[in-house]
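Once you scroll down, you'll see the structures, which are given as structure tokens.
Here chain A shows up in two complexes: once beside chain B, once beside chain C.
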Partner chain A sequence: MSALSDRAQKALLAGLRSGAVAAGPSWQRRLLTGFLRSPLASMIALALLWEFATIAFAVPRRALPPPSAVFADAWTVRADLLASFGRTLLETLLGFVAGSLLGCLSGITFAYVRTLERSVFPLFVISQSMPVVAFGALVVIWFGNTLLAKVVMALFLSFLPVTVNTLRGLKGVDPQRIGLMRSFGARGFTLFAKLAWPWALPQVMVGLKVAISLSLIGSIVGEWFGETVGLGVMLLQAMYTEDMTRLWTVIVACGLMGSALYGLISLIERRLVWWRSAS
Partner chain B sequence: MPTTTAGAPLSIQSTTAPAQLELVNVWKRFGDPAAPTIAVREVDLRIPKGEFVTLVGPSGCGKSTLFNMIAGLIAPDNDGSILLDNVPQPDGKLLGKVSFMPQRDLLFPWRTVLDNAIIALEVEGVPRREARKRAEAMFPEFGLKGFEYHYPQQLSGGMRQRVALMRTFLFERDLLLLDEPFGALDALTRAKMQSWLLDIWARRKRTVLFITHDIDEAIFLGDRVLVMTSRPGTIKCEEIIDLPRPRDPALVTSAQFTTIKRRLLDVIEEESMKSFASEGL
Partner chain C sequence: MVAFRKLTKAGAVPVLITLLIFVAAWEGAIALFHIPDFVLPHLAQIAVRLSSDSHLLADALAATLSESLGGFVIGAVLGLAIASLMVLIVPLERSLLPVAVAINSVPIVAYVPVTLVWFGIGPASKLALVALSTGFVVLINALHGLKQAETGAIDLMRSFGASRLSILRRLQLPAAMPSVVNGLRVAIPRSMIVAIVSEMLGAYRGIGRIIFESTQQVDNLGVWVAVLSASLASVLLYTALVWIDRKLVWWN
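And now, the complex of A and B:
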């Protein structure tokens, strides 16, 4: 990644010096345009803009610290930050896996058991109207300041989108294909494993992508109820000490984790669930 | 029994060969039992082993309902029955006994062409490796050699249809039900596919019931053409096609062919006039 951007930057500089980027060899040009269109480029551009804006308008650090200050701060607390990052990542991933499993299983159950869909599914929806903070208090009393408490919070926030999308995916299976499979003699689990589940997977992935972001929120909020390490803890501390730079350090760290996790799920989707099931 | 408009004597085959499929007074009514919507009415049909029967009719005449009943997907009303090899097949018993190919190819986008072809075998419990071996042998014959590991989305409409047909053929049952398999193809591809289907049929000798709304196609392919009429759907008449086989695509311009076509068109015309009249149009 860095090699690529290095090369791209060199190509950019060379292009600027010669006054015509287009005159360079085609592979350099392709690399350059590829880089300029990447989100990384716009991120760098935004950071530069931010940096220069805080200097140019002499923005006080208490209002908005420049990115350079944020990175410097991150470096001074790197040990803490890394430990917190790891801890929050662990909570998020565990909560996400548990929430996804619960979501898939409940979605499948609701899709096949009509009675439960009518009677229990609404309760699932109602559970989400409870403020997560109220639920957090409950979880802390039940599980104490443990890893499990955060995982439960992340699970609580993330399972429903998976349930809803699994249910929708399974209900949307093309009836003609079901007919075809039945004409081959397929029933029950065969029908599920060979048709319904793969058919629903693209929709399930939509749910998983929502769930991973919600899971991160869940674990951070969970940490607010009592923990010693974690990005949520650092966030809370920065807020109490009104340390604006630290706050931004944690925000950037959370953003990095969120986008990395989302990217990971997207990558898995592109590799494994690349088809579209629209009939 | 449907009347024979052709006036020709029934072929030896259709009277003496044992019946593969028999429909006796098959009805299908939907909705309110007191005032039902009749989709299929009083269908009597006997298809001997090895015969290629085509069924023509306007859209909405109940062809697909009839097909779904023969495939076992929906049950006929209780006053009639469907017999396969002279054995009555009550509710759901036909599932897994007939090779059924619906109008659309219905391929699975997550499976390669090869794995799409073997889906029925997998359902039957044939090990994947064995099923793939059997399918691979059929690829040249279906003009799909070299496309084993492509995905359906990468194929043209004609090729997808051939994959669907191969899937149907690999599900080895004596009776093949083909529901307008070439309906969505352009005229040239369709003509090619028809000749090719006849070729395969001649070699594999299965009993075929083929739905189409194209009269040319029905005559070109069939040993016998059944005409179905709408509202309520029933088999109005049949026509024995005694054109020699193997049939050449040029056959469709022969005098014999056009005479048969004229006769069938007259019947269909008369029927559609009737149904327009009954609707007050």
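And now, the complex of A and C:
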């Protein structure tokens, strides 16, 4: 996913930039090719394809409603949809920020405290293969149907990949470089801030990208255990009433939020890790 | 004694000590802060419940495992097949990959209600969803891997008159294997999670169903044993995959 959208966005950016700088006769054309390669264009193409396919093959609404019906439905419930979107977004972002801060801190701790790494970190790796989402039920028992419960759940899911990736990044620092900086008198924090952290950052960003998707999943599933607003709630309601059009409306909303959040992290990555991108 | 030495070498001792500390901290916290049972049950309570519910849990685990493994295999085969097709027929990649990416941009849990309506409450809906989530990971990893083969080697084979298909079979697929196995590794815990999550919303059997019912009845001990047995199964599955990988992937 990252490879494609990154490439496409780079092409779009390159198109825009060269157009702005050169201002030659071909900038419109470059803009057009840039647009055609962008995710937006493939989204529009996909929507058109979906629409025509449902008409051409006379797909029943129950199986797959056409996008026009989905958009019409989204418009009729726009107030609810926006409120739910906002609520789920808030849960996801809060959980993600808290989870990644905690993940970075514990990753750094593991990297510098060898005993902890040897004793606790294997458990972290093992817990990555556990169905953590299932703990959501417990989280809801602990915190009740509050915003906090969903945030904790999103935190719980996003925390692990960030920890593992931070540690891997910090461990991967070239020892020769450390030696070189030591020989120039760099110590402790300087060594961390000038060498280890920048070195680890691309790997950390990979963890953050995994974390943001997991965080969204965490808040949606968290809402299933009892809540009144949120995309997860709307999903459940649509399922119980077997309203397929509404179901697809919410799915598209979830997809938009997921891609937007992922895009945001990729953007931050390009800003922060301009010297190297770990793809 | 030999076994002990082996464990020490594998670094298991510090981990075991941590587990012991963890158990002590758990029970200590309950005793010190008078934490009520519904927040944190005694480990002994969990163990008792595990043994009394063992039949129920084994049955649920069998259902969940068969769904996740079945879906995993279907998804892996489909992902590999589609990736191979995309490499053989280049326009296919251009047109299908955006569709796959768009489908994958939706968090997988959002599809659970749709698959339940489409395929019913039985195992078919879980198989479909697990296959989707595994399939995408394998597809992306296989595509990446299939492009790893050196252009020089491909040209050489072509100059000897090898067909596209035999280049794929003899050169590109073996070259792609490490990457594919990486994808499988990511996909295996995910397949358990997806199966459990979709069982939560509707199933006749399975760990997810137990978790959801226990939550509704505020029976948190029931949630604990279900989560623990699922985690154990998932860890075992993952270890098995890593072991198979080490034994079988001779080209790595």
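Throughout what follows, the second predicted complex is superposed on the first by the 244 of 279 C-alpha atoms of A that agree within 3 Å, B and C clash if a C-alpha of one lies under 4 Å from a C-alpha of the other, contacts with A are read in each partner's own complex, and residues count from 1 in each chain.
By our rule, a contact is a pair of C-beta atoms (placed from the backbone, for glycine too) under 8 Å apart; a residue touches a chain by one contact, two chains touch by 3 or more.
Computed from a predicted structure; not experimentally measured.
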- request: Kindly classify A:V151 by the partners it touches after superposition: chain B alone (first), chain C alone (second), both, or neither?
  value: neither
Message: Touch test for A:M43: chain B only (first), chain C only (second), both, or neither?
response: second
Task: Quick one: classify A:V120 as touching chain B (first), chain C (second), both or neither.
output: second
Query: Which chain makes contact with more of the residues of chain A, chain B or else chain C?
result: C
Query: Counting only touches as set out at the top, which of chain B and chain C does A:L32 meet: first, second, both, neither?
result: neither
- prompt: Of the partners chain B and chain C, which touch A:P198 in the superposed model: first, second, both, neither?
  reply: first
Message: For A:D174 in the superposed arrangement: first (chain B), second (chain C), both or neither?
response: first
Message: Quick check on the superposed pair: does A:S183 touch chain B, chain C, both, or neither? Answer first, second, both or neither.
response: first
Query: Is A:L93 in contact with chain B, with chain C, with both, or with neither (first, second, both, neither)?
result: neither
Query: Looking at chain A, which of its residues have contacts with both chain B and chain C?
result: none
Query: Within the complex, which stretch of chain B touches chain A?
result: 68, 71-73, 95-98, 100, 102, 104, 106, 108-110, 119-120, 122-124, 151, 153, 171
Query: Considering the complex alone, what residue numbers of chain A touch chain B?
result: 174, 176-177, 179-186, 190, 194-195, 198, 201, 275-277
Task: Could you please specify the touching residues of chain C with respect to chain A in the complex?
output: 11, 14-15, 17-19, 38-39, 97-99, 101-102, 104-114, 116-118, 140, 144, 188-189, 192-193, 196-197, 200-201, 207-208, 211-212, 214-215, 218, 220, 223-224, 226-227, 230-231, 234-235, 237-238
Query: In the complex formed with chain C, which residues of chain A make contact?
result: 1, 3-5, 39, 42-43, 45-46, 49, 62-63, 115, 118-120, 122-123, 126-135, 137-138, 140-142, 213, 216-217, 220-221, 224-225, 231-232, 235-236, 238-239, 242, 244, 247-248, 250-252, 254-255, 258-259, 262
